Structure formats: structure tokens, C-alpha cells
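These notes open a run of structures that come right after.
Both complexes below contain chain A, partnered by chain B and then by chain C.
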Partner chain A sequence: MAIRTLGEREELLRELARVAARVRYRVVEAIGRAGSGHPGGSLSVVDILVVLYFAHMRHTPTNPSWWARDRLVFSKGHGCPALYAVLAEAGYFDPEELATLRRFGSRLQGHPGMTGLPGLEVPAGSLGHGLSVGAGIALGLRLDSIPARVYVVLGDGELDEGQVWEAALFASHQRLSNLVAIVDANGFQLDGPTREILDTEPLLAKWEAFGWEGMEVDGHDHAALLEALEWAASSERAPRVIVARTVKGKGVSFMEGQGAWHGVAPKGEELEKALEELGRAMEVRGEGW
Partner chain B sequence: MGKSVWLVGIAGDSASGKGTLARALLESLDGQAAWVSLDDYHVFDRRERKERKITPLRPEANHLGLMARHYRALASGEAVLKPVYDHSTGTFGRPQLFRPPRMVIFTGLLPFATRELEEALDLKVFLDTHPELKYAWKVARDCRTRGYTPEDLARDMARREPDFTAFVEPQRDRADLVISQLPAEGGVRSRLRAVPGIFAPVRKGFRQGGLALVPWGGGVVLDADPAVEGAWLVKAASLLEVDLPSPPPGVLEGSRAVRAILAGLLRGWLEEAGTREEAV
Partner chain C sequence: MRDAYGETLAALGEEDPRLVVLDADLSSSTKTSVFARRFPERFFNCGIAEANMMDVAAGLALTGRTVFVSTFAIFTTKGWEQIRQVAAYARLPVKVVASHAGIQVGPDGGSHMCLEDLALMRAIPGMKVVCPADAVETASAVEALARTPGPAYLRMARSPSPVIFGPGYVFHLGRPEVLADGDEVALLATGLMVARALEAREILAEAGVSARVVNVSTVKPIDHNALLEAVAGVSAVVTAEEHSVLGGMGSAVVEVLAERMPIPVVRVGVRDRYGQSGEPEELFREYGLTAREVARAALEALERAGRKKGEEDPPGRGSPGD
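For the complex of A and B:
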């Protein structure tokens, strides 16, 4: 959206906050109903996806395979409930379908597969592949002179995979200025804090050493994310990376910063409490339910 | 919570005067309404339509399902991420978050082409514009602002004709109001037809630029300004039909009169809704 005045930008940010609150509710509701899933990393990536789809990317819910669309490669596949909820909110399919998460035969699997879900570009789940795929798409777009961008969303735990760094080298060598990587750096992976499992810090310096231009932002601050994305999309020489510092389980008090909520669905009273908190957050933001 | 947002759909062929009508309505509704062109819900961009040899009038060239979902969300006051089709380039732009004001006016080829769409709208208007006028208006607009040549347009319009008859025109029978525009000496002759009941919510007469619409005997009377002789009127018949020929002196010219009537109707709704809200 072209932002012309301060008023308009504030209005946009208010709307983004409303959308993010609704997405968080839908994510926890769907995981709760499924009885399994990954709430921690789904909730940490919500704001990144909301800003991408609702304020930054050029994409077409009416025609998901439009030739000139910006492409999003969601590499941290287990966080897909957030992607599904955002795609539904954005109009790719009816939000009611979110109730089928992880069911047999559903288009919404626990790790995204090519089930014919509109808006889903590539499958994911086995970590570390997304950047390679994204770099290939970006190179293809450049060879075809299509003025579209590729956004790859990675987890920080995922950066343990050597393939990510091979792809990073390839992208800078090819000067893929139409490629943007966003790291959802929530500090945890399945087995514990990323710093303890395999420390990849200082993260930004590593990407820069691999020939990328980068910046670090608060991954829950919509205004900061919007600015960072605008900066990343203005590259002319090199691929750019945004290291988004996030909180695992963001939005649910007892999940925030708790690695234990990486891959466990809330049940019973926990689920009720989580939904109550998220429901309240929607009301605060003026959204009736 | 009750009705929070009113939805109005205006259907009509390309260059039938939808935009002109919508702009006039917006102006007289003082910022309480927004206008959405349903061209934003095109599935294919101009290049893809050309490759596939498909006109934008066909249902499969428009995302009617997303339109219906958005109608329902907007009617309950929710914001939606609205797709954006850019006519100047014939491609899609970045979609925009759109929060509805108290009334949204949709214009397009197929705003109430399905029952799902029809049911979500509070008022359905069909612009029935004579082909001669459409062609003249289309040339005047598309060659100037959309990069077409007159030859393109002639070919285009011929190709569109069967699709217009098959998909767009049937909406006329489902409309609450049909506005006909016919070529007439020195301009346009307009004619308004309404199904009964449409003007019923209006309790008081209201005026706009020399015209008054007054409920009368279960129907409605379109009355010229009392200061002007020779009032036009409508009987409370099964159909309200108003013929607006060359205007009497001092009264609005036909198509402007129709706009004024419609604006008056919508303002009446908003005012009534306002009164109800205060009462609660």
C-alpha cells in the first residue's frame, strides 16, 4: 500500500494488529482442535507473515499462480498453521477449512505438502531446503525478466543445516537482488535453546560474511518489519536478509519464551486459557468476535 | 449487533456509467460510503485474458467466491484484504487492507451474478445502457486512459456481446432498481424502474436539487419541485416506473435526476440507521 500520510500509516498498523490478533487465535484454535502441532514457532512467525501478506508483497488471492506474483517460500514447515491462517485471512481459501488441520485427507497437513492448497508455493517440513528452492526461483525469475521477488522464511534452528549456507553462497554469487531471506529468530529448536544446541550467533555477521546485506529488527514490531521489508525489496546488487528477533509462543503468556511449547498442542484448561487470552487481545484491538 | 454496514451493488457492462454513478453517490453521501470496483476480483490479468481468449465478463474470469466472502465480512464491519487490479497497466497491484465505512458501493460486471452474492447485498442496481452510448463512452475513456485503440475496442465489444447477454444482462431481472439510459436528442434519456418496497423505508420525503421523492399510497411519488409546474409522478403500481424525458425548465436533467433519487434513498437508509443506533 502506498503510504502517503501519517494517518494512513497509523490506520494500516492498527489494521495489521487486528489481523495478527485474529491469526493468533485461529492458529491456537486449529492446533488445539487437531490435538498436535507446533504452537511455539507458529506464534513467533505470525507478525512476519501478516506484514508480508497484508502490507508488503504483491500477490493475488484471486489467481494464486499469477505469473508476476511475489513468491513466498516457507522453509520452517512445521510453523505452517500460521501460514495457513494468514493465507485464509488473505482470501486464498475459506477460513473454515482451518478446522481440518492435520486431518486425514485435508489440504492442511502438519507439514505443508503439495495438496493443491491455493497460495502454497512449495512443500516443506524437512528443514534447510527453502533457501535453495527460493534461490532457484529467484534466478529463474531473473532469467525470464519477471519483475517479482522471492521471500524465504527460515527458522533460526534450521540454520544448523549446512545446505542453508551453500544456498546463501550461491545467492550472493549470483547477485540475486530479488531474493529476501527472513529469519524468525525465536532462539529455540526442538531440543532446546539454539545457542546450546549449535550456536549460530552472531547471526547477522555470518550472513554478511556470505555476501548478503542484512539488518536486524524486532520481529513483532509491524512498523519496523514494514520498513525492513521495504529496505530489503529495494536491493540492486545483493540478496538481503532480515534477522527478526522473535519470542517463541508470542501472544500466550505461559508459552512465551518456553522451548517446551515447540511441538506440543495445548489441551483442556491450557487451551481454554490460551484462547481466552488471545480472544481478549482481539477485543483490545477492537475486533468483535 | 444488527446491521453495521450497508452494501449496494451496481451492475452494468463496461462503460455503462457505473463509475459516474458511484462517484456521484459518494459525493452526496459525505464520506459515509466507499466505492469498490469489482474489477479488482478479476482472475486473469490483461495478458492472460488475451492468451486464453477469455473476456472479463465470464464468471470464471472473476473470483465470485472471494467476492461473496468479502461481501459477508464487510457487511459485518470486518476489514478485508482487497485484491487490486490496475487498469492503467492491466496487471495486479499489491492488495490493500480495506475497512468499510457505513456503506460500500460495489460496481462491476457481475456484482450479483450468483445467489450467494445477491443475498449479501442490500440494494441491487442494474445500469441498462444503450449500446450506442456504451460505445461512445468506452472510446472516450479507454483510448485515453487505458491504452486501447478504437479498432481494439470495436473488436473487443463484438467479442464481448455473447458473454454480456449470457452473464451480465440476466442480472437485470434480479435488480431492485433498473436505470435505463437511452440516446436522446442532445443527450441521454433516463428511465428508472424499481421493484415495490424499495422506497418503503423512507418515511419522510426528501429533496435534492428540485426533486422530491414522497411516499404515497403504499408506493412512492417522484415529484418535481413544487415551484415547477407539471409534476412527474408515479402510481403505486406493481412496478415503479419513472420516465424522465427532456427535463422541464429548472429541473435536473434525466440521468442526474436518477442519481439524485438513488442518493436520496441511500441517505435515507443511513439516516434511519443513525436514528436507530441513537435509540439503542
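For the complex of A and C:
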């Protein structure tokens, strides 16, 4: 990313906070309207996606298939309301379309399908695929000498899948320094805390043992995420991983850290309360729309 | 077949500088090694990690490439969900070419004898499934699949195949083809069973029965009209495949015939069993996949066709699960 002055950086961080607040509101609104979906893991990944799309990746919403674009592979497909909201915010499509989430005929499938949605690179939903697909894209870009990078967003529950570790081995063996993995480590999977269901910790040590360079970061701290991404994008030898420690349901008080909100849509009063909280957060950021 | 695949792949690599090939530590057996030696920078050995390999293939295809992926047939099924979720869902040009399918794998035994691949691959939306009869058809089919958009699966045997086609033969995707004429019964075969069906035709001729042999090398999609034409005029049909009778070529054919032209059919194939160690010929005998068995099935089908409506069906050889 281009070098910024201190003032520019501060303004950028203020803008990221505003965008993230809007995205969170849109995510809960869309899931609430759909009546089903995965709010917990959508809200935990919002800041990661916002920093990627609004401050880090090279991409052009007006030309989604630009050959030199950085690619995002969203492997934790159930968190797609966050991806959809960020793509809409970034200008890939009209945010009005978020109202069609999970409906018949919608480009916004319950888990990302190949519906021609601008900005969506790969279908997802069954966990464990994204890192392999990302490695394949990174390999293809390297064969073509295209200096773009591939960012793969995974969940920590997803790391239960053996395929992720096949892909981790493959990527380091092929020295895919243009591949970055970001783990949205919110500590929960559907049936409970990942430490209780199938413990994948210590995460960083595992990735390092598989030949990756890694760092851990607060996955809701935009400045820290930005720095981590800049570090990850400067790799010359090995693939790099960012373990982003996040809070499931981040931004809605009664969802935060509650595994029960993995795959349940808020309804009625709960929805109203969630939107009220997220609406207030937007006002604090100095933004309505 | 495998040698033909390796050579064809290398030739295609010459024509298309973007073509890439993946293998899972079996390149010397699948013969992708021929391509690997010629184009080392476009060959990726993914190790014994088939699930990852299938999705890496999809990723490479997303960068605008045709990708050939090879391993043994049984191990492609470790990447079945990957093919289903990414390569096929996104309609990418990933061509899975599997070797060592069926029971003539021989001494390696049941774990290595894939008798379910045609069924599994056929069930994936948009997937093309091809099972060539000999080396010439393999080469032509590989070329055709490289030019066809979208995902595909091609099945090869381990054993050398008898020569059926001359060098000028051109494979047509989807079209069952009559190889030898006959007007009483049609023997529809795929893969190595095509040669056995041709032998069965001789056996039947000695018994005074005129049999037609049809090569069904494309298991999916099947051109319905071409299939109906290929069996037009006969009284009964036999299908023969070195695969389970559940879900393979026989099932595909029967589905079309049941809807469009009900006719007595007897399916020759493996009847809900695993393979086991042995020499290919003794295994073909054990699993009822000989020319004689195909001829016997033809007589059974004809007998059924000859019986008048309302007559009792004699007790068949009813096996479980078929």
C-alpha cells in the first residue's frame, strides 16, 4: 500500500471505522430480513474484510475482472453476509440488493454460489476448500508473472478440516509468497468453543510448523490489521498467515462471545435491539446514511 | 490407454502453453510423467493429498487455464466433494483423468478397485463422464475434452487394452456408436468391456443369434436420440461395464430406455461387491465380466423379450442390491 502521511493514516482509520459500523448494520439487517443465517461469524470477520477492501487490496469495483487485481477467497462461506455487505459498500453492486439475501433467485445465495455476483471469485460454504483454491490461483498468477496477491479468509473452526493442512503444506512447499491466509479466530464453532469441540491451538505454532510465517493480531483493531497485512504482503519467500483474534458477534452486546449466535438469525425484539445498538454505533462514528 | 494419455497430454502441452497438469504422487503410473518431463514448469506434483489437488486445480483454472488432474480412480473419490463444490459448481475446465479403474487392477486388491467412480461423477451436475475402449479412443477423447468447456472425468484401465479403433478414429462426445451390426440384440459396452462385447458377438453368432455391438464411451451426457437409433430394431439390450451395476453406464442407458423405449435389458457389471486380489482374467470370471457372460446375458434378455405379455417371469439370479 502507498505510504501515507500521519494525517492521511488517521483519516483512513476514521473512514474504516465508519464503513465497519455501516457494514455491521447491513449484515444484521440482511440476516434479520432473511430470517436465517450466521450472524456470529459474519460480525467477527467484518473488520478484517473492511481493512482488506478499503485500505489494502488493489481492486477495481468498476472492473471486477481486472487482470492485475488482488484476489480474495472467502473460505468461511457461512460468514458471507459480511462479504456481501463489504462488496456492496465498495461499489461492486447496489446495497439495496442485500435485501435479497437467501431469497429464491438472488445473487446473494445463503452460501456463495456462482451467480455472477460482481467481486465474488469463488463459491464457498463447505469448509476447508478456500486455501487450496487460493494456492491454485497464487500458482497461476506466478506462472503468468502477475504481481497480484491472493488473500484467503478462514475460520478457526474451519481449521478442523484436514484439507486446510494439505493446502498449508502445498503452499509452503511451492513457496507461494503471494498467498496470505487470514484466520478469523473467534474461538467458536457451531457446537461450542473450538477449545472444547476440537482444539486447534496453538494456531500460530501450527502454521509455522507447516512452513508459514505468521503473526497474531487483534482482529478488530484496524490499525493493527493494516500493519499486519502490509507485513504479510511484503513476503518474498514463504506464504504468510495472520491469526486475527476476534469476538464472535462483535458489535451486538448480547451476541458478543456467545456461541449460540453462530447460526441463528435475530428476530423481533432481539433484531430491533441489535439494530438500535448498531445504529447508535454509526452515529458515534458520525455517520448515518 | 495410459501411454496414449501421457503422449496426448504432452502434445496438447505443446499446442497450449497455458495447459497445466497435476498429479498426486502417481505420475509414473498415470503417465503424466511424460508431460512432466517435457514441461516441468507446468507440472505440479501435489503429493498424496487429493482433496487439496482438486481445489488447486480449480484455482489454476480460475487463472484462465485448462487443468488436467490425474491419480488412480479410487483416489479421485477423495477429491469428489472438492470437484463438486468448486470445479464443477463454478463450471471450470478441470479435467480429471483417472487410471487403474475397475477390477483388472489385479493383485492390489479391493481397496484399489474403483467400481463406483462412474456413478459418483455422473451425479455431479454438468460433469462429463467418458470411459474409452482403447488407446486410440483415449487419445482422441483426451483431445476432445481439452477443447470442451467445463469439468470432465475420464476413466482408464490399468491393463493394456486390445486395439479396437484404427488410427483415423475420432471420438464424438455423447454419441453411442455402433461398432458391429446385428439385428436381434444390442450389446452396449463401455471401456474394456467393448472388446469383450465384440467377442460375445462371435459366440452368439455361433449360436445363430445376431448381435449388434455399441460403444457407449460417453457415459454422460448421452445423446438420447443417438442411443435410441443405436438400439433401433433389436428385441433386447445388454449393458456391460467393469463397474458396479449401480449407477454406472448400464444405469444411464436404462434410465433413457425406460423413459423413451422400454425394452428388456440385462445389465452385466459388478453386483454390489468389492474387488479382491487376483489375476485380471480370473477376476473377470469371478465377477461375471467375460465375453461368455455377456453372451449369456444376451440370451437371457432375448428369452425375456420372446415371452408373451402376462407370462410369469422365471426366478432370476437375483443378487442383493441390484
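One rule holds for everything that comes next: the second predicted complex is superposed on the first by the 286 of 289 C-alpha atoms of A that agree within 3 Å, B and C clash if a C-alpha of one lies under 4 Å from a C-alpha of the other, contacts with A are read in each partner's own complex, and residues count from 1 in each chain.
Following the convention adopted for this analysis, contacts are C-beta pairs under 8 Å (C-beta built on N, C-alpha and C of every residue); 3 or more make two chains touch, one makes a residue touch a chain.
Everything numeric in this text was worked out from a predicted model, so none of it was measured.
Student: Identify whether chain B and chain C fit side by side or clash on chain A in the overlaid structures.
Tutor: fit
Student: Taking C-alpha centres, what angle do chain B and chain C open up at chain A, rounded to the nearest 10 degrees?
Tutor: In the superposed arrangement it comes to 110 degrees.
Student: Check the residue A:E236 against both partner chains and state whether it touches chain B (first), chain C (second), both, or neither.
Tutor: Neither partner.
Student: So, A:M114: does it touch chain B (first), chain C (second), both, or neither?
Tutor: In the superposition, A:M114 touches chain C alone.
Student: Would you sort A:G91 into first (chain B), second (chain C), both or neither based on which partner it touches?
Tutor: In the superposition, A:G91 touches chain B alone.
Student: A:H129 in the overlay: touching chain B, chain C, both, or neither? Say first, second, both or neither.
Tutor: second
Student: Taking the superposition on A as described, I'd like to know which of chain B and chain C A:H59 touches: first, second, both or neither.
Tutor: Only chain B; A:H59 stays clear of chain C.
Student: Now for A:L16: first (chain B), second (chain C), both, or neither, which partner does it touch?
Tutor: Only chain B is touched by A:L16; chain C is not.
Student: So in the superposed three-chain picture, is A:A68 touching just chain B, just chain C, both, or none of them (first/second/both/neither)?
Tutor: A:A68 contacts chain B only, not chain C.
Student: If you take every C-alpha pair with one atom in chain B and one in chain C, what is the shortest distance in Å after superposing?
Tutor: Across the overlay, chain B reaches chain C at a minimum of 15 Å between C-alpha atoms.
Student: Using the superposition on chain A as set up above, list the residues of chain A that contact both chain B and chain C.
Tutor: none
Student: In the complex formed with chain C, which residues of chain A make contact?
Tutor: 113-114, 121-123, 125-126, 128-129, 132-141, 143-144, 162-163, 166-167, 169-170, 173-174
Student: Can you tell me which positions in chain B touch chain A when the two form their complex?
Tutor: So the residues of chain B in touch with chain A come to 1, 41-45, 48, 62-63, 66, 69-70, 77-81, 83, 91-97, 99.
Student: Quick check on the complex: what are the chain A residues that touch chain B?
Tutor: Its residues touching chain B are 1, 11-12, 15-16, 18-19, 53-63, 66-69, 89-91, 94, 287-288.
Student: So in the complex, which bits of chain C are touching chain A?
Tutor: Those in contact with chain A are residues 20, 41-42, 44, 46-47, 49, 51-65, 81-82, 85-86, 89-91.
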